[in-house]
Structures are given as structure tokens and as C-alpha cells.
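Below, subunit A partners subunit B and then partners subunit C, in two separate complexes.
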Partner chain A sequence: MAAGATYVSIASTTLGSTASTVTFSSIAGTYTDLVIIVSAMGIVGSGAGANTNFLRFNGDTSSVYSDTRLAAGGSVSSSANTGAGSMNLGNGNEANTDNLIYSPHIYNIMNYSNATTYKTVLANYHDLETTGQRVGAVVGLWRSTSAVTSVTIYTDSSNYRVGSTFSLYGITAA
Partner chain B sequence: MTPILGIMASQISGHLTPATNYESIATTTLSSSALTITFSSIPQTFKHLQMRWIGRGTLADVSVGQKVNFNSDTGANYSGHLIRGDGTTVYADKGQSATSAAFFGRVAAASSTAGMFGGFIMDILDYTNTNKYKTLRCLGGSDRNGSGEIRFNSNAWLNTAAITSMTFQITDGGNYDTNTQFALYGIKAV
Partner chain C sequence: MATANTFTQIGSTVTVGSGGAATISFSSIPATYTDLKILLSLKSPVTTAAYEVFGINFNNSTSYQGRVLYYWFGTASTGSETTFTKSSTTYARVFDTGINTLSTTYLNPNIYSSTEIYIPNYAGGTNYKVYGAVNASENNSASDGGFLELAAGLSSNATAITTITVAGRDNDFMQYSTASLYGILKY
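Here is the complex of A and B:
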């Protein structure tokens, strides 16, 4: 394949106003994997803590998502499974003040366009809140053989803060 | 700025590493099951390698392990450690030493629901450097709707030879199933 077409930027969003969801739609099926790089913070009405980030594909809200998570913070580590109508991709920073710590996350959507396998997501997440920092990894599953054509990321906070960024890349195998 | 490589290579964006510095080398998609998957004659023109794959085993179990050898070396020349979570327990191990391969995460297998595959991203650093033992790290796992495993591995191949081939293999019996796909990429450095 031609050099230069392997790892490409597809779309990117920087929030100019708060938003509870971010959606990448009309994703072409021409790549092998997708990578989403997130730098985001949730907003709460009072106090500060951790938000949880969730992902859905193709607008599917049925209970066909599950995930296995691993997290460590200080001397505490944990692991959990969940199954629900969205994929739990771990925690991020949440604040009600002008905190400037936007948590970094990377979501790898493996072999997203094939019509044969369920879709697997590999994620790293980092919760950089001031009192409960943790780092984690997630393997998530969407039990559908449909090609992924849209991705929606949302938070259990009221919104994502202004300045949160969401960037979508495509990786193409030979 | 200096790019952060390894698993973080997944973060490469235009201002860090131009797209031309991340190139596809070869891809294998299984149309029939196979015990091993080999990439040979790997070009020596990159700084690092990244393997990205989805896989499933044919063994009648919920999951099976995997390993990789470099340059067909099956001697006791590998070591490694890991941290993993299965949804209930966190487990860490530094117990891999003098092993015959680098062992890492498990793929879903035949007793899991059809369609369930594991996903993995492995970075092999400085693979042409003849002054270093070779190191890799791998993030991967398989979720099986209520059970599963996520694992982070680091492994070393105690050899200074440049890596020219690598062979991935199922460890617990059976083969890699059809539709397993391995994609090898090279990352350049200026």
C-alpha cells in the first residue's frame, strides 16, 4: 500500500460548549482498526470526583455490551465485569471548578468493519482527580457482527467540560 | 518533542509522528485454522514494530493462551511479567523466566459464544538493535459477557540479534480459528 495512508486522522472535536455526548458518524469501512484519543473532563454540580465514560456503536442501546476492567490506584487494585446497554470504558476526572486536568484515554476498536466477528475494544484510561487517581485498562465487547459506522461516547456526569477533545484515527493494514 | 512509543504508539497523531512513519508491513487473515502464524523476512528499516490482532482458538475451552518466538528460537531465553484482571481478581506475576517463548494474554476459544474474539496490541521495541536484548509489551484480552480477562504483559528475549521473524502460537491446544487476523506495522524514527 502507499506509504502515508496507514495511520490517518479521520475527525476531531474540541468542545466549545459543554456536551453530554460526542458522536463520530458515517465512519468509512476502509480501515482495519479505529483509535479514539480522548482528553476530557466531566462536570458535576458540586464537589469533585470521577466520571465514567461509556461507548456505544451504531446507536445500539440494547444490552449487547460487556467489558472486563482492571484498575490500580495507590495500593488498591480492582477488576470488574459489567454487561449493559453500553460499554464501560473506565473513569476520568470530574470537577465543578476550573480544574485543568483533562484525563487522557485511548480506545482501540479492533477490526471494526468486518461482518463476521463481534467487536472488541481495548482501552487505557486515566483518572487524574485530586483524591482518587487511578489507571486502568479495559477489554470491551459489542456482541454484534455489524460493521461499526458510528461511535458515541458519553459520560455519567452531566456533561463534558469545554475544551475536552475527541480525535478519531483509522489504521489500515496491508 | 520525542514521541512516546510502545503501547502509546496507538496515540500517534500528525504532530507527533507523521503518518508516513507508521507503515503497514504485512497482514495475515486465517481462512482455515492454524496452530502458528509467522511473519518472516521482516524489514530492518523501522525503529519499532507493532502487532495488532484479533484472535480466537479452536480448543473446546472458554479461552486459550498464546506465545511468541523470535527468529525460531525455542530455547530457554525468554522472561516476562504481567498484571491481569478477570473481573473479580487482580493477579500479578513475575514468574516467567527461562521460558521457551514469550507468553501473554488469552484469546476466546471454542466454548465461548461464536463471534467472540480477543484483541491485542503488542509493541516490540528497538527490534534491530544488536546491542540490546529485545523487549515487548502487550495489552490485550477477551471479554465474554460476564467473564473475561484483560492483561498487560512485558517480556524480554534475552538475545541481541535483530528480529527478522516472529511466530505466534496457541499454547493450550487447538489452533487459531478462522477469521483470526494479525497485522504487523513498522514505526520509523528520525
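Here is the complex of A and C:
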């Protein structure tokens, strides 16, 4: 028998003022997986490496994150981080001159509430402006068995522009 | 407070009939959701090429730019994508190898490509419309046929999306191709 509602909006933030960090806290453990949809634009900075998005769980800043990235701009590149203090989910919030382009990113966090396995993230990022685009895929790891109860997303080189949105959804297995 | 039932199918799944279809469209899309997701299972009748180029159109817009990352025959490549025109309509060229064909050189005739397209804030009136997309096919072969594509693109048009049309550049969609549109509502 099919389940009932299995895709639930947990929380969403639309920035009314610039910010460099967005946190979803007090996340219930009642879902199976989490999905985060980011639609963001930076204040300054453009080009490869500009306005990278990073992710942390439960406020943990210790060196227990790693990630592997495959990206395409003018060429294909791959990169990785190990022993980092946050998860690098790819550059992706171009400060476009017309202020009309919010780049979309999708983060999938599987089995986030179990207390026995390390937590993984599967992400796609799409970095857009009218004069150049980049696209990439990322797999990230948080080497902690703690259940995820909060997620922090932040950018490195500038604030997120007003109107950037961050939405958290819960998916329940049937 | 969490809000349930935020992933909703809009209209019905379109299944292409025996005559094939040049395009598939969703029209009169309500503005009551936050984001849109499109799921596609597509095949083209061409037998002389392995793949058909895939495109999308929002509200008959004409200006698109995009980027694609694709992996095929063990090699990853990238391309900058613009547009193609079919029956006087301009389409964003989303994927280079986005639609499976009947070519038996590369792909089993029964395999349809699988595509997901995500469109955030489609109903806003002050933002250019953007999409992120992934497309794939598996061919049970270690040497040929399987492919994976990731794409990003934008339409330089801030009008709320009410109509979406998808098309192959040179050929129709075959029978049993399907397209489904979903609305996602944030809290």
C-alpha cells in the first residue's frame, strides 16, 4: 500500500537582508532522508572558485569532513578535500550584474538520523550567469555517527544576496 | 512547523501514443507552488545516430545559456550550450546526448533515457528562470552506450513560467515516452 505524505516541507528561509550563513536547527529525526534546495546569489565575486557553498552538521567545526567534486566550466576538473572543517559543495552563487539570476543547488542527505553510520551528502550545483556557467556534482562525508539535528550552509567570499532562498524537506520511506 | 503534502503532481503524466510526438507541453501551470520538477523517460526513432539533442522552452522565450557536463565512453567532457530552433520555436539546448535513439550500435532498442529537471522559483516575476538537470542511460555494456549528463541553464526572461515544452532537436519522441510535472511547495 502506498504511504501517505512522504515529501514534507520542514523549513524555508528567504533572506530579507544579506547573510553569509543559514542554519536549519532542531531537525526532527522522523524522516528517512533530507533534501535541501538552495537558490542563491552572491554579493560580490564571479568566476571559477567564487562564492563557494560549504555545509556543516550539528555545528561541528572539527576536521571530520571530506568531499570529492567533479565540475565543468570551460573544462572538466575534479578536486577533493580531506580532513576539512566543513564540506565543500562547490562554487555556485555568481554575483551577476543584473541581479536576476539565483543559482540552484540540490543537496541530498541520506539516512541522516541514524546513530550508527557516518553521514553522506550527494549534491548537484549549478552556477549561473549570462556570461558563463558551471555545473558540478559532489559527494560529501561527515565522519560522525551522530544523528543530524542541524545543518549550516555558508559561503566563503561574500554574503548571500537578499532574496536568496534555502528550503529543507524531509522524505519518509514508505 | 512542518507542512505535509508539498510534492504534488500537476496534471497527468503524458504518454506518447503510437504516432509519436514532436513535442510535449505542459500549459496553464499554476503559480501556487515554489519550485517545479519534471521527470522524463524519452526515446527518439532515429536509427543513424546514438543520441538526440534534448531541449526545453519556457513561455516561448528565445534567450538561453547553459553548461553541460557529460560522461560517455569513459571520458568526461563539457560544453557551453545555447539554443536550437524547431518549428519556429527556440529551445534551450539542455543535453547533447539527452534522448536515446533506436541505434543498435550503441543502445538496446528498449532503453529509454531518464531525465530530471529542477526549476526553482518558477513563478517569481523578478528573477531570470534557471534550471538544474541530470540525464542518464545505462546499456549493460562496459565499453559503450551508457552515459551520464549534468546540466545548468537559464532563460534571460523574468516572466513567471506558465508553459513548458520539451523537444528533440531533429526527431520526434517515440511511443511510450513519458513526461510528468510536479510542484514543490516550501513551508
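What we mean here is this: the second predicted complex is superposed on the first by the 148 of 174 C-alpha atoms of A that agree within 3 Å, B and C clash if a C-alpha of one lies under 4 Å from a C-alpha of the other, contacts with A are read in each partner's own complex, and residues count from 1 in each chain.
The working rule: contacts are C-beta pairs under 8 Å (C-beta built on N, C-alpha and C of every residue); 3 or more make two chains touch, one makes a residue touch a chain.
Small disclaimer: the values here were computed from a predicted structure and weren't measured.
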Room on subunit A for both subunit B and subunit C (clash or fit): clash
Contacts of A:Ala137 with subunit B and subunit C, given as first, second, both or neither: both
Touched partner set for A:Ser39, first subunit B, second subunit C, both or neither: second
Contacts of A:Gly170 with subunit B and subunit C, given as first, second, both or neither: second
Which superposed partner A:Ala80 touches (first subunit B, second subunit C, both, neither): first
Contacts of A:Val162 with subunit B and subunit C, given as first, second, both or neither: neither
Contacts of A:Leu100 with subunit B and subunit C, given as first, second, both or neither: second
Touching partner for A:Val8 - first (subunit B), second (subunit C), both, neither: both
First (subunit B), second (subunit C), both or neither touched by A:Asp127: second
Partner chain(s) touched by A:Met110 [first = subunit B, second = subunit C, both, neither]: first
Touching both subunit B and subunit C, residues of subunit A: 4-9, 37, 70-72, 106, 124, 137, 167, 169
Touch list for subunit B against partner subunit A, complex: 7-8, 10-14, 18-20, 22-27, 52-54, 56, 83-90, 113, 115-121, 139-150, 152, 179, 181, 183, 185
In the complex, subunit A residues that touch subunit B: 1, 3-9, 32-33, 35, 37, 66-72, 77-81, 83, 106, 108, 110-111, 114, 116-118, 120-122, 124, 137-141, 143, 145, 167, 169, 171-174
Subunit C contact footprint on subunit A (complex, rising order): 4-12, 28, 37, 39, 70-76, 98, 100-106, 124-130, 132-137, 163, 165, 167, 169-170
Interfacial residue positions of subunit C with respect to subunit A in the complex: 2-7, 34-35, 65-69, 76-78, 80, 118-121, 126-128, 130-132, 134, 150-154, 156, 158, 184-187
